[in-house]
Every structure is written in C-alpha cells, then in structure tokens.
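You will see chain A twice below: alongside chain B first, and alongside chain C after that.
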Partner chain A sequence: MSSFARHRIPDGSAQSARLVPPERWRAALRHAPLGMILSIVVLAVVFTWANPRFGSVENLQNLLYQVAVPLIVVVGTTMVIQMGSIDLSVQGVMGASGMAWILMSPNSRLAVDFGPWAWVAALALGLGLGLLAGIVHARLKVPSFVVTLGTWYIGLGIGVLLYGNGMLPSLTSETLARWPTRLTLGVPNAFWLAAAALGLGLLVMNYTRLGRGILAIGNNETIAGAMGLPVASIKIMAFAVAGLLSALAGILATMQLGSGSPDIGSGQLFTVIPAAVIAGTALSGGEGGVVRSALGVFLLILLNNGLVLAGVDPDFQSGIFGAILVVAIIAVSWPLRGRLKVAK
Partner chain B sequence: MTDHSEILMNRTTLAKPLGGRLSRLASGHVIAPPLVFAVMLGAVWLLNPNYLSPFGISIVAATAAPILLLALGQATVLNVGSIDLSNAATSLLGTILLAMILPGYGFWGILAILALVTVIGAIVAYAQVPSFALTLGTLGVLQTAALVTSDSQTIYLGANRELVSTLYTTNVGFVPLSFWLAVAVALVFWAALQFTRAGQSMTAMGKNETAAILSGVPVRGLRIAAFAVSGFLGGVAGLAILAQAGSASASGIGSALLLPGIAAALVGGASISGGQTNPLNVIFGALTVAFVPMAIQALGVGAQSQSLVYGLFIILVVALTTTRSRGIVIK
Partner chain C sequence: MCEKTAHLPLNRTRRALGMTVMAAALATGLGLGSASAQELSPDEWVMVVSVINTTNPYMISNIEGAKALADHLGLPLEVVNSNNSSQEGISNIMAILASGRKPIMFVNTVSSSDAPTIVDAVGRAGGYVTIWWNKPDDYKPWNVGDHFVAFQKHPGVSSGRCGAQAIAGALDGEGEVVLLPGVQDSTTSQTRVAGFRAEIAENFPGITILEERPSNWDPQIAARNAQDLIVKYGDQIDAVWSADDAMQIGAMQAFENAGLLNQVKFASDGLYPKTLEDIQSGRGNNAIVGETFHRGYMASAVGLYTAYLAATGEIVPSELPEDKRESLFDLSCVTPDNIGDYLQYDEPGAPAAFVDRLVESGPWDVAPMPLVGGGVEVLPGS
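This part shows the complex of A and B:
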C-alpha cells in the first residue's frame, strides 16, 4: 500500500509523519512530472524554430488565453477521474451555464442586467447539474458514465431551450466582452481566472478532507468505506465541484466568444480527457493530480497552436490529439503489462 | 467461481421448467426495455394516433436501423467489459469509403474497415490499455481520416447506386429492409451469445475477467473479436446510412451516432460494467432512442426539448434496470 502512505491525511494524526523541508523537496521532485515539462519545452523549441512568431509575446499571451477554458474544466474532470469515476457532462453544463449567464447579462436579446446575479445563477445551474449527477450516481448506484452522459444531454437541452428560436444573443457590454483579453501584469485576465481555479483545486486536493477522501476512494473504495469515510457524500461533492467548474468555464467561453450558444463547450471533452490521461491520471482512479492534468492541457493547446502557426490545417486537430493519446497511453502502460493484468 | 455457476445456469436454463424461466425473465433488466418502448408507443397512440401511421413506422424503423447496428456492436464490446467510443467514427469513414469505391469494389471496402478495427481491438488486448482512452484516441484519428478521404466534400452515389439503396427503398411490412437486416443481426448475435462457447466465454469475461483468465478463457482473442464485431457492424451501419441518405460526408448523418448508439445499448439493458447483454432487448433500446424525437413531437412539447428528454430518459431507464447485486463498488 505504498500509494496509501503517500496520501497523508492532513489532520496532524500520529501516522502523518511530517517530513523535514529538504526531504520534502526531494520527495516532491521525485514525483514531479518531469517528462511532461520536458515535452513542453522540446515542443516550444521546435515550434519556435519552425516559426519565430511562435515565441513572440503576442503569441504567448494568445496561448494563455486559449488555455484558460480547458484549464478550468480539467481541474474538475481530474478530481472526478482521480475518484475512479468519469464526468462526460462538461460540454452540456458549459452550454447551459453559458446561455443562462448571457441571457442575464447585458445582451442584444433581452434588455436586462442582473450583474453579479447572472454569475450566481449560471454557477448555481452548473452546481445543480453536478449535484444531480452525484446524487444519482452515489445514492441510486448508477454508473457515473451513464449518469453524466445523461446530464450532458440535459445540460445541452437546457442550453437549446434557453437559446430558443430568437435571434443570437450577443454581449452588448464592452467591459464584459473585453475583460478576458485585457492584460493584468502582462497576462490575460482569462488566464488569471483559470489560474485561480487551478490553485483552488490544488488546495482542495491536498489540504481538505474532501480532496484526501477523493484520493482514498480512487485508491480503494471498499477500504475507504470500511474506514468510515462518508463515500457517498464525498462523491456527490466531487461531482458538484466539477459541475461548478464546468459552469465557470462556460461563462468564460461565452465571454470570449461574445455571444451565447448551447454548443459553446463543443470539443472540450476531447481536450480535457486526453490531457488528463496523457499527464498520468489513470482512469481507474487514485493516480495523477490537477497540476499534471494542467500540464497536459498546456501540452495539447501548445501543440495545436504551434501546428496552426506551422501551417497545418486546423481540421487535423482531433486526429493529432487522438494519435498522441494512443501513442502516449500505449507507451505509459507497456511496461505494466502482465499475463493476469485486467485492462478494460 | 460464481461465473462458472452462472454459465452453467445459462446453459441449463433451456431445460428448466417454464416457471423457473419466467422468474428469471421477470428481473428488471430483461423486461424493462420492451416495456419502456411499449409505454411510449401507448402514450403516443393515445395522444396522437396519426404518428403511428405506416409512414411514421417506416421512418422510425429507418432511423433505428443504423442506431441498432451500432448499438449491437457496442453491446458486444460492453459485454466483455470494454467500451468502443470510435465505432460511429468507423461507420462514418466506412460510409465515405463505400461511397467512393462503390462503383466496383464496395465489398472490399467493408473488408478493409474490418481489418482496421481488428487492429484497434488487438491494440486494446495486447498493449493492455484502457479501451475508453484508446478508442477516444482512435475516434479522433478516424474523424480526421474521414475528413481527409472525403476532402471535406459530400460524396454522392452515382453508378451502382441501387446496390445499396434497395436496403432503404424495399419495404417489408412498412419497414425498410435495412431494419430487418439489423434485426437479423440481433437474432444471430443472441444465438451466438447463448449457444456458442465464444459467446458464453465473452459473458464470463465481462462478469469477472480475472476468473475468466484463471479458467483458461482466451481473453485476448475474444477481446479482439469483440472489437472486430463492433467495427464490422459499424461498417454495416455505414451501409444503412448510405442507403438512406444516398450521399456521404464527414459531417453527414453518421457523425452524430456515437451517443445514440451507446444510449440504445444501455436502454436495451446492456451493463456498462460488462457481462450483461441481451441483443433482443437492444432492438427495443434502438427503437426507443429513434422514437424519442417523434414521441416528443406527438406530445406537443416542441423539438427543442429533445436533448433534455433524452438525458432524463437515459438516467431513468438505466436507474430502473441496472443490477446492483454484483459487488458494491459502482464506478
């Protein structure tokens, strides 16, 4: 149970031996995703060599702007995958929350402005969809794949119903439309928002009962339950947080686009799940982490941006992501093969 | 160990008296799929009988045919405990290849697709990677392949068109031939699962793979076979799509069939964790999924709530039919 020892419970109990700082740094370095960082550096060097514009400040800012939405989504997705479940609903939740947000903010269809209440309502919608998925999964014992497939459709349906037959709702407030691109300390606001979500995810996973509980469930749900962890409530909370983060991503994506669409999240699932998997978050749970997944998102977005600058057709994006995913997972799992290993 | 007894039970069921068989039938996942479909049919008939005209039935059956074929393929893979996210993309690429080479080499097109997906299955089995991640990758690759081979254009059927379109234009009892073809596949699949060693081994593998390995079940070969069946049926679904549409493109009818295919298999009682599939119920699953849009219209709710109803439906049906007896950990 070496993996269990790694997941210390931060309540200062006798078992959680505190490591002295140098030991701690060395341990952190051993678990650092050096391979990921190296791949990102190599790719950056190659792309800069292929097209010097890649390394320009404008393009780097553009990169941070593009990475923001999938970065927010991947934090929630990773938490759910680390628990051994899966969340397919991100695109649906993004569509529902994005539409709810824009219809309550200054827009070309309705003459309303609820200000911060638009945020509250849209985030609550995402939280609600996440809670629904969590409760059905944990209490009614329906596999998370099926439940979140359902909430994907439900979210999409809410988005379509809100979109209705009227004209395209576009954002009329210049301040809001410009906010994601505006720079603070040289970095686009969109990225600051994503960085805040990432920081929050990191805190939750490392320093709260919820985060440690998620990892314990991912490692071995039966043991976690036997030890007295409230497995059902932890699961429900994890799905609720994932829904909340998808909603935030939906709002940001709507702001970036400047108009509302139920399909605002289109393609996100195909970025965040490969990103998490490439970065070493095992779909069986208990492994990986939000920082690793964030690096995975960086790698994929960087690759896409670099290939576009190098003159490759954007249509190839899903093919390239797919090919990388196939190669990466085979490479990772090749040494772990065994006659009795079960890979589903 | 339980797997062995269940296999034995499956085999001896046939010889059991009727009472025992009925009590087995009565468990939720067996009876629910036809029941759900019947209830929906009844509701539409009460509210708006016009939707059940011969024309209406023929439209539902034509829509259900490719969904059923994909769902049967998906059910095969689900039965061994894996999942195939790329089968709709396979069928899309198959449709395009078929449309391009139909004047002359249509049959070889299906064979080429079959070879391709067998390779995907082999990778899952030999590299021992999780099928969810791997087929997500091949999904992307196949989508791009579809875009590239079709050059992002719509390809219309020209010469030899009637070779394919007969499947759609010929009706037997208001229902196009393509649907009967899919039903025939389901019957064959059902018989294969019940009466062949390979079928029973696949179910055993889905119930408990470690136990199956230890009992000498050729797990790798069977997993490859399951993916090959899924891909092959994807190709046949492509045929049905081509027959109906008369043209193929990377964003055509086939591009959005992945989720309906999975939904149909699940509504048809296939378990996502493996070891439980009834191909005959998948027929009702596919009919239900194809019928939902029409039912929504008949109930006068408006087409826009289609996705919403779909989502609620999947959760509801699976929550009602899923078996919770095997193991306490549900992922």
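This part shows the complex of A and C:
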C-alpha cells in the first residue's frame, strides 16, 4: 500500500514525507495551491481597497466565524470526493444531528440537559447515517450519489420528526450559545473547532492507511482491490467520517444560530462541493486535498463577504459573484492544467 | 370554455345540493357548514393541503389548519410536501389526483408559475382549489373556471408598513435601518419591502435606509448578512427590518453575538412562537418593536373552506364578486403593547376553535383575518 501511495501527492505531504528536506520543500512548493492562494490574496487586496473595513480585525474574525461550518463539512466531503464518490447527505445529517443535540441540551422546549451525552448522541447519529451510506454503497454496490440522496432525506426526516409541531427549540444556556463567538487567542472558538477538524483530516489523509487507501481507490479502484486493499472497509470508513463531521457541523451551526431547525444545513451542500471542485479536487477522485478544499471554502465565503462590504447592489451581486468566481477558477486551475489533461 | 361547458351539469347539481343544504341548515338551526359537511362523501372527496416544505413553522401551521378543518368536516386529508421544488410538488399532487377521489385543495405554491398547471389538473379531476400567496398576476380565477375557486393572500404592502411604523416609532422618527428581504424575486418579499420603503418615504423622513440584503428567507443567510453589515456599519445601525421572522431570528443572533442587541430595534412579519417568546421576555432591551400577525393554520383553513363551499355548491364561484376570488385578507400590526390580544391564537386547540368560527361566519368574515380587499396588490408609487 505504501508504494501505491507514492503515486499520489495529497497536498504535497504524502510523498514529501519520504524525501530528504530540500527535495521535500521543493515538492511541497510544486504542489502547493498557489493559484488559489493568489486568488484569495488578490480578492482581499481589491476588497480592502473598496472598503478598508474588509481588512479589519473585526472582519477577519467575522470571516473565520462564517467559514467554520462549511470548513468542517468540506473535510469529510473532500475525503469522499477523493475516493471518486460523492456525499449528498450533508444537509440531512446536519439537520438530524443539530436537532438531536439541541433537544438534549438546555433548550426552551424540553427541560433536559444531557451535557456531553448530547454531543455523543448527535455525533453518533451522524456516524450512523454515514455508516449506513457507506455500507449500502460499498457492500450492495449502489452508487454513492443515490445512497447519499437517500440518507439526506432520512436525516431530514429524522430532523422533521424531532422538530415536530412544537415550538422552535432555542438554546437556553448562555455558555453554549456564546461559545462559538467567544475568542481564544483572538480567534473565534467556532474556527478553532473547524481547524481541529481540518487538522484531523490532514492527519488521516497523509499519515494513515485510511487516507492512502482513499487516494488509491480514487486513482483506480480495480487496481486498489487487486493490490489487496480492503476497498469496501475503506469506503465505509470514509463515509462514516464524513457523516461524523457533518454531524459536528450541524451542532456548531445550531449553536451559532441559537435555535434548532431541520434546515440548519440548508445551502451547505452547494457551498462545499463547489469549494472542493474549484480548489482542484476532481469529482472523478484521486486529486486535490483537504487544504485545497478549505481554501476553496475561504474563497467563496470571502467573496460573498467582500461584495457586501463593497456595497455591491443586491441586483448585481449574483452576477458579479459568478464573474469573479470564473476568473478566480481560471487562476486556480492555471498551474494544474496539463497538455494531456481532459476537462469535461 | 370547454371546461365551463363540462362543468355545467355539475354546477346545476351543486346548486340544487346547496339549496337543500341551506334549507336543512335553516330548518335545524345548525351552522351552515356542519349541515353541508354531511353531503360530501369521504369515499368520493379528499381534502389536500399542499405546502412548500414541512420544516418551516408556517408550513407546519398550514397543515395544522387543514387537519382541524378536515376533522371538523369529516373528510380525509392528504398532505403534499413539495420539498421546496415545484416539480416535486406538482408530481405529488398529480399522484393524489390519480387516486380517483375529487380533491378539495389548498396550495401554498412554491412559485407563481406552478399555479396554472395545478389548477388545470384539479379541474380535470373534478375538484376545487384555492391558491395561496403566489400566482401570475394576469392569471385570474374568473377567466379559468369554477374549479379555480379563489386566490388568497395577506397584503405584503401592509406588512411592510406595519414594520416601518413600529421601527420609526421606536426610534422617535430618527435613525438608520438595514433591511433583510426574502428571496429577491419573490412577490411576497417585494411587496413587503415596497410597503416598508413607502411608509418611510411618506411619513418618516428622519429614517435612513442604509442598505438591503436579500437573505432568501433563511436564518443562517440572514445571520451571515447581518454579521457583514455589522462590520460595515458598526453601531451606526439603529434598527433591522426583516421580511419574515425566520430571518429576524438569524439577524438577532448576529447582533447578540456582536454585543449590539440591546441598542438595536427589530421588526418583522409573522410573529413566530420564538418571536412571541422574545417579545414577552423583553429579550435584548425589548429589541423587537413590531410584528404582523397571521397564522398558517388560518390561511389553509380559510382556503380549504372556500374550496369546500364550492364543492358543496353552497357558493358558485362564477357568481362571486371579484374580490372574493382574488382576495386580500386582513393582517394585524402587533406591538409589545397589544400582543396580549393575539396570545389566544397560539393556545392548544386554537386551530380547532378558529375552524369553528370559520364554519359559523364563512371564509370572508372571520376574525382576526376578514376580507379587506381584492385584486393584484398595487405597489406604492407604481
């Protein structure tokens, strides 16, 4: 398996770990997402020029706060995409887990507080939905697109059932409601949680058999199987991790809103999948990485924030958003273009 | 035209049936609806409530109202969940229509363009439909046929004016406001925004609208936009108006997180239970200063009951004045001072109590939402 991993370079680290330092740095630089970083820097400069408040500490904290939820989700989504599969269940899992968490935490609807068990139950729910998707996909050979569409609606259904017809459940614990915005070392706690998820994703993808297996499957599942990789188990684990991270994002989004809703994940799918793809993670698998996807999330959130601060008329915002995105994607994909690369 | 011809014998039958029902009601001294309810067989008719999704509190309330009315009238009820998709909504409605029973239908359309397709299908199935909130302006019930019983809504302009008055009052006529509309091309949102802007322009010159940021009826997008606007304007913002309470919930959380909730005033539309709770608790130094009151269960019950009366023959839609076929129902402006008057409508059993009054008074004269006008809403200044 380790020999297989050398063929792929996730974020430049898997191979560089086996190289001597100067070569290692050169390899890392060669595979760094320079186009993406450049796009973000250029946009930041332009938006700061348009409104100096864009570059203020307050706005940077605001951006880190806003980026936290999609950042957590995109780590799991990227793992699944790198495998050549897709996870559409994000919003359903977030809704189910967010509702489960708030109803077991101090809330305005039920006089209960299960403390850490609320986290355990909500995360277990996400893990369970991820496992279900993984097992059906890997063991029953059902396309991930279809399976995760199903688990999306199962999750949403669980969220709706938990929501019922009662009052909107709101967090009654000030400590929990304020935790995501509270600053630690000048950075919102919400972002620290996302950074931890990103770090975990990097570790898994670069230093574990699971990560190397994911890339091997993404490159060529048939060869990976022929080489003796436990393809089904790796797939199931990847979907389980994605489900777990979606659940964590659902909890964080619920804390940020201060209220529970089955729709808490609304719109996240169409943030994280484009973020991963524009950052160079191929939907066919085997390419990209969690750092690239994270930068993709930053780019999308920053673009939206910058347009608001620049005072772009709402009537033009969607069009300008799209136009800037196309230019940014060209800049991002420029270093990745290859003479023999086929774009579909 | 063909549809009208096809319905003529049915209309005669309905008229005869309606007269019998009237006579029975007068003779027994019972309410009109309760007498006529016995005339529609549950084997032949089905009530259908079609909602945009089943996660929004307003939609859940739509279903509650339909359940209460179906229970009252002794008819079966089918719920159609469009899952925010016109296609899915229309497909699900078609599936119910194919079951063979005639529908008495309330549809909260996902988008205006859904209305003609749904109305035509209901007509072919021999049923009656009332559409709420969205339809093309030039698609008139009286041009379509009796099966399109009515289009009904609450006036968005009044909603916006309510919010503007509440905010201007709370700021003593001087201050700066940001607006959070819903989906940008939604007629409902556009009319509410137009009402807000018109009220400010006409009566409160000291109020400045800093900016509006459409937030798609989504609390999280509203929270994100509010965060960005806080960065942009800081404590310059004196008040926030949102086109509905879902977005206000997100915006209030953003201002609370920024430590600004105590110095900013909020007004919106819908008086969600969460909003009611915030007003009663005085959250954020009595941050919420104005709301409008209307309930999903009232809309669905009124819509379905109007269609039901057409099905029993008690009303003949083509003989109704135009304001009863393209109708605007009253919307109440709510402030912390008069909120006590509206608490009764959220008590357990409130939908059933409303249905009792509805059946007694008819669809156009039931408190707190009597008919107040008709036609396409005219935007101020247009």
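One rule holds for everything that comes next: the second predicted complex is superposed on the first by the 294 of 344 C-alpha atoms of A that agree within 3 Å, B and C clash if a C-alpha of one lies under 4 Å from a C-alpha of the other, contacts with A are read in each partner's own complex, and residues count from 1 in each chain.
In this section, a contact is a pair of C-beta atoms (placed from the backbone, for glycine too) under 8 Å apart; a residue touches a chain by one contact, two chains touch by 3 or more.
What you are looking at is a predicted structure, and each value in this text was computed from that prediction instead of being measured.
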Thinking of the overlay built on chain A, is A:Gly150 touched by chain B (first), by chain C (second), by both, or by neither?
-> first
Touching A:Glu174, do we find chain B (first), chain C (second), both, or neither?
-> neither
State whether A:Ser284 touches chain B only (first), chain C only (second), both chains, or neither.
-> first
Check the residue A:Val160 against both partner chains and state whether it touches chain B (first), chain C (second), both, or neither.
-> both
More chain A residues in contact - chain B or chain C = B
Examine A:Leu309 and indicate which partner it touches, taking first as chain B and second as chain C; both and neither are also allowed.
-> second
Dual-contact residues of chain A, meaning touching chain B and chain C, are 156, 160, 165, 315
In the complex with chain A, residue positions of chain C that touch it = 53-57, 60, 64, 184, 211-214, 218-221, 223-225, 227-232, 249-250, 253, 256-257, 272-274, 277
Mind pulling up the chain A residues that touch chain C in the complex?
-> 51, 53, 56, 58-59, 62, 65-66, 95, 108, 156, 159-160, 163, 165, 167-168, 170, 178, 180-181, 253, 256-259, 261-264, 266-267, 304-305, 308-309, 311, 314-315
Complex interface listing, chain B residues touching chain A = 81-83, 123-124, 127-134, 136-145, 147-148, 152, 209-210, 213-214, 259, 262-263, 266, 272-274, 304-315, 318-319, 322, 324, 328-331
For chain A, which residues count as touching chain B in their complex?
-> 84-86, 92, 136-137, 140-147, 149-158, 160-161, 164-165, 221-222, 270, 273-274, 277, 283-285, 315-316, 318-326, 329-330, 333-334, 336-344
